[in-house]
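Labels run A, B, C and D following the written order; every chain starts at residue 1.
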Amino acid sequence: MLVVMEQDATEVQVERVLTHLAGHGLEIQRLDAPDRTIIGIASGGPPQLDVVAAMEGVHEVLAFKSPYKLANRTYQANGTLVRLGDTVIGGTEVVVMAGPCLVQSEAQIFGAAAAVRRAGGRVLCADAFGAVTSPYGFQGLGIAGLELLCAAAAHEGLKTASEVMDAAQIDTLSRFVDILEVGAQNMQNFTLLRELGRARTPVVLKRGNSATIEEWLLAAEYVLCGGNSKVVLCECGIRTFERYTSNTLDLSAIQAIKTLSHLPVLVDPSHGTGRQDHVAPMSRAALAAGADGLIIEIQFGADGAGVDVDTRSVGAAQFADLMSDLRVIAPAFRRTICPELVSVPF
Amino acid sequence: MLVVMEQDATEVQVERVLTHLAGHGLEIQRLDAPDRTIIGIASGGPPQLDVVAAMEGVHEVLAFKSPYKLANRTYQANGTLVRLGDTVIGGTEVVVMAGPCLVQSEAQIFGAAAAVRRAGGRVLCADAFGAVTSPYGFQGLGIAGLELLCAAAAHEGLKTASEVMDAAQIDTLSRFVDILEVGAQNMQNFTLLRELGRARTPVVLKRGNSATIEEWLLAAEYVLCGGNSKVVLCECGIRTFERYTSNTLDLSAIQAIKTLSHLPVLVDPSHGTGRQDHVAPMSRAALAAGADGLIIEIQFGADGAGVDVDTRSVGAAQFADLMSDLRVIAPAFRRTICPELVSVPF
Amino acid sequence: MLVVMEQDATEVQVERVLTHLAGHGLEIQRLDAPDRTIIGIASGGPPQLDVVAAMEGVHEVLAFKSPYKLANRTYQANGTLVRLGDTVIGGTEVVVMAGPCLVQSEAQIFGAAAAVRRAGGRVLCADAFGAVTSPYGFQGLGIAGLELLCAAAAHEGLKTASEVMDAAQIDTLSRFVDILEVGAQNMQNFTLLRELGRARTPVVLKRGNSATIEEWLLAAEYVLCGGNSKVVLCECGIRTFERYTSNTLDLSAIQAIKTLSHLPVLVDPSHGTGRQDHVAPMSRAALAAGADGLIIEIQFGADGAGVDVDTRSVGAAQFADLMSDLRVIAPAFRRTICPELVSVPF
Amino acid sequence: MLVVMEQDATEVQVERVLTHLAGHGLEIQRLDAPDRTIIGIASGGPPQLDVVAAMEGVHEVLAFKSPYKLANRTYQANGTLVRLGDTVIGGTEVVVMAGPCLVQSEAQIFGAAAAVRRAGGRVLCADAFGAVTSPYGFQGLGIAGLELLCAAAAHEGLKTASEVMDAAQIDTLSRFVDILEVGAQNMQNFTLLRELGRARTPVVLKRGNSATIEEWLLAAEYVLCGGNSKVVLCECGIRTFERYTSNTLDLSAIQAIKTLSHLPVLVDPSHGTGRQDHVAPMSRAALAAGADGLIIEIQFGADGAGVDVDTRSVGAAQFADLMSDLRVIAPAFRRTICPELVSVPF
């Protein structure tokens, strides 16, 4: 249950509702959203719903069967639009984010940025802090990597995205990038989620590879109920018995999210399949299934990254071809793709 | 390894090769394909490959790393075309097969046939022998059901498909329908597969819901190596932890099959998701990912089937809308859809 | 719902109940069990349960929430005992069935039989018709294999078990062996299950590797409702993302079956893990979790089988050691193991 | 590859090896273990292994095929013993840790502590910071909860364990508890793992519910390579299609860990099955399969926890019965269980 206060409700009115609910032994959580206060109530509800609804300063009392409330389509009928300057995620345009796995060098990230911009990508994404399975893998350049990422993106007029691995990194990363990515491995790092709720930077929340759709939306709820409404979901494959692909990309999740929630949803075919030759067909399929955008890993630089990306990342020319293809098919789905800057050969 | 004989190789030449291979202690299998004899060899190979290649009547010796040989893209570079009269599966047209789960009555199946034809379906599919999880469910009308199916299809100029559950049913079903469906539960019923290899009726082989892509292709190999080359694969979802959908539709399998094999591949979004509202978006996504056709379950008749299909099957009007949508997007993928007959409202 | 007739109910009384139920539009199934007639009713029930209960010849009307009825613990409070002569599955003794994957030669199967007997096994199991994933694998010796199996078992005073792959094989196999095994791949071969219901030979029903516990019990229900009550279940691993073991052995299934059903349950650690070094610890764990028996694959003969069994089957000495271990721990669980014949070293 | 330095190697010698390796373009990681320095090298190796082995101060050069090195059985032949005072995990005794999900009140945790001690448990475990799927769930008492936990444990002479959710909590928790638990959801929270490597408090690392055994050992490697060798693994179920149990407890993982690693391994049947009635049989099975200990959730207090634990946690009397059972069977496996304090009825 959610008690939505009026926008101009006074602190006294809020406190009175909190006291009333607490008096009924309910577990409550106060959410100070930018425009109003909302009070979340865990399972169980007050005996007299209408009494609460009639209290001064209360706008509305919403009952939910589902465990997530603010992420629920019932709570907000219109799809959420997440704005990164003039780039809008959740609108008509299918927003493409692309970049190498990790920032490695100036030459690499500037090259990647140029390739992304030229082909029609909107956001340059690359990690400065690596989330690598082995402690012996390359762990990223840190702050220096963020600086390179931002310089390259600025040079090409792109927005930036990078992974946040820990609550302690939120402030630093927020100073640099336009959108913070939560990796699949951290989807249930509740401390991180809670702190992201206190931040105001937009968040891409990748689906954990064994997370149900409900758990994913509950993870989003953690961020939303801290007051940060700028949440974008990203399907990046679930773990199944099939190992031909590294994960099984669950494109049905797009329709599921559209039904259950108002949040935009992206698809990451690179991590979702782990196979270079599947990136293009699954990108087309994601667009056809209604995805609001894509995150695509592109290979750049001959230096050899610390993380093995050869099997899943596409080259710059393949990326440009893929974007051309998407530009052709998008109108059939009443979507658009950012036009390519120029069409010089690579 | 495969020893491919010349088309005009004599029986004596074939015997000589068999004797030579047996003399090396190899396990061999003779396949009398329509146009020539092929000799399959299980893991391990003769010490001198060139000796076999040089024997009289031998056209070619093919070595394979993969355990499936005749289903392998290496064995046949061009995609297989499976013809049901003038309907071709594996060509430019995305062939749509549709119908109710089970034949129940004359009114139901004639109504369904009209709806399928009107919307642009090519094949009417419905089962006469039910593959139902519970022994207490409706088990189908049997031969009477097949007669109704064929009458309805003939009336509308459609081809027919129906499920074969047992080797003993192959002959009967082959007299009635144009293509036999092997259900997911029977994908590793090896006796059935072997006997289908001896038949000449085309086969739709549905992927078992816990089958890897390799096991699926090995199941196809059972049919192919009996001499029946008319095999069409059908992805219909794999079993994963996610239960929002009944199965997880693995659209990556389309690209995998196109890479590994020359066989056409369909997608069944009805069984693959188990949700009516996912049928349309996943049909579009399947087309975008390269599927050669779709199998869609449509609900027909108010009698109430013995099997609960309410959640996954679309109505006739929804089906017609879906087909209109596919017709709009197909050209962007250089594919076609059979035109609708008339566009009367339902 | 189940209508259980009196043991001495007349045919007229049975017909009257059938007519009454059909008159309410219910889908019914008549089961002529050895001692009485039972009428199964699919989902939905008669408006007046007490009217049916009061009809002549009706012993009892049982309502079930679960879709399986005869396999339900509610239907029969005491555990089912399946007798193979003096060997009882489901009693205090943990019955061990063992043997090579496939019968290959006289020397092999007689050697295996001796090893099984000596170590305290009760049943010699080996297949004559191979259920192999590839059509190029060794497919078994057929009838000749069954003859060898029976001769070897008779020589050692063992019972026999072998896999049935198709309804057409039931009669033949029943003439040879004491218990028919249904492999995991055939768990939902409904034609086979239905025909096994008409047979009187005991059946081991292996769990399909993507079957839920409910689907497994529904498969058992197919056999039971045909009148064959001698059904033994066997957990042999489910397919998961973990590939260190070939399957994940779900030992929780033992407790689940004990709660939900009255049928005995075995565990097959050989196929369930696919690793030789896991057979002994998982056999001990299965006993500790309450399994009524084990099926263990032992390697025998230096000929080299057509199926690759090297990684999962234990040798004769390992098997004897394992049996000694089980004999030590069984009393702590109030279970017994058949004593070893002699304790000569191998 | 690992370069193990002599215990008395000088800093100059260490630097010389580091310089040599860096000169070959290798990615290296220096690990200052308590007794010596170890240098880890990511995939790839120096051209001349013997040159490194011959350098001054080098004790040994170990090559590994597996990606984890310090967690590898090859690196340390004897099983690791993790000591919590006089309680040893990894020895002959099967160590039982038990407690409620969350500390809620003084009465609750003191009651639980008494029950744990009386039945023969060694460690009282309960969380002060809740890792709950929903943001509206009870999030724990924090520091006050830790104080209650420690007071209750001290009163009964028990050791303590509690979950750490974030790197920032490590220092605080380490001041209170004897062993830190990393929950399944945080198994790949690499920042947390890295910081735990710098701590000296023992760690229980629960397996992520979609983690392969290799990924689990790599997560352990993160802690080990920071210099904290006191790592205990805990199998707590993997996510599969089967939903009768909340997870599928993978008891084969015990044998796998024993083969691949020297680290002790516990089993958590409460979270691993999510079913009260499975806790006892799976505890017995875990002991039989070789587990070094158990973590069992017991229900305590009538207050009603914020997290729904009713289905999976056992009561105090059930726990005492389970411990009595384990005490009976342990000798058959050459293991012991801590004796019960007194055997008063509950």
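Here is the rule we go by: a residue touches a chain if its C-beta (ideal position, glycine included) is under 8 Å from a C-beta of that chain, and two chains touch if they have at least 3 such contacts.
Everything quoted here is computed from the prediction, not taken from an experiment.
Ranked by how far their CA centres sit from the centre of subunit C, the chains are topped by A. More C-beta pairs touch across one of A-C and C-D than the other; that pair is C-D.
For this pair, subunit A with subunit C, the centres built from the Cα atoms lie 49 Å apart.
If each chain is reduced to the centroid of its CA atoms, subunit B and subunit C end up 32 Å from each other.
Per-chain Cα centroids separate subunit C from subunit D by 38 Å.
The set of subunit B residues that touch two or more partner chains comprises 210, 239-241, 243. Within the complex formed with subunit A, the residues of subunit D that make contact are 27, 29, 40-43, 67-69, 131-138, 165-168, 185-186, 188-194, 208-210, 215, 218, 221-222, 225, 239, 306. Residues 210, 212-214, 238, 240-245, 248-252, 254-256, 259, 273, 275, 277-278, 281-282, 284-290, 328-329, 331-333 of subunit D touch subunit C in their complex. Listing the residues of subunit A that touch subunit C in their complex gives 239-241, 243.
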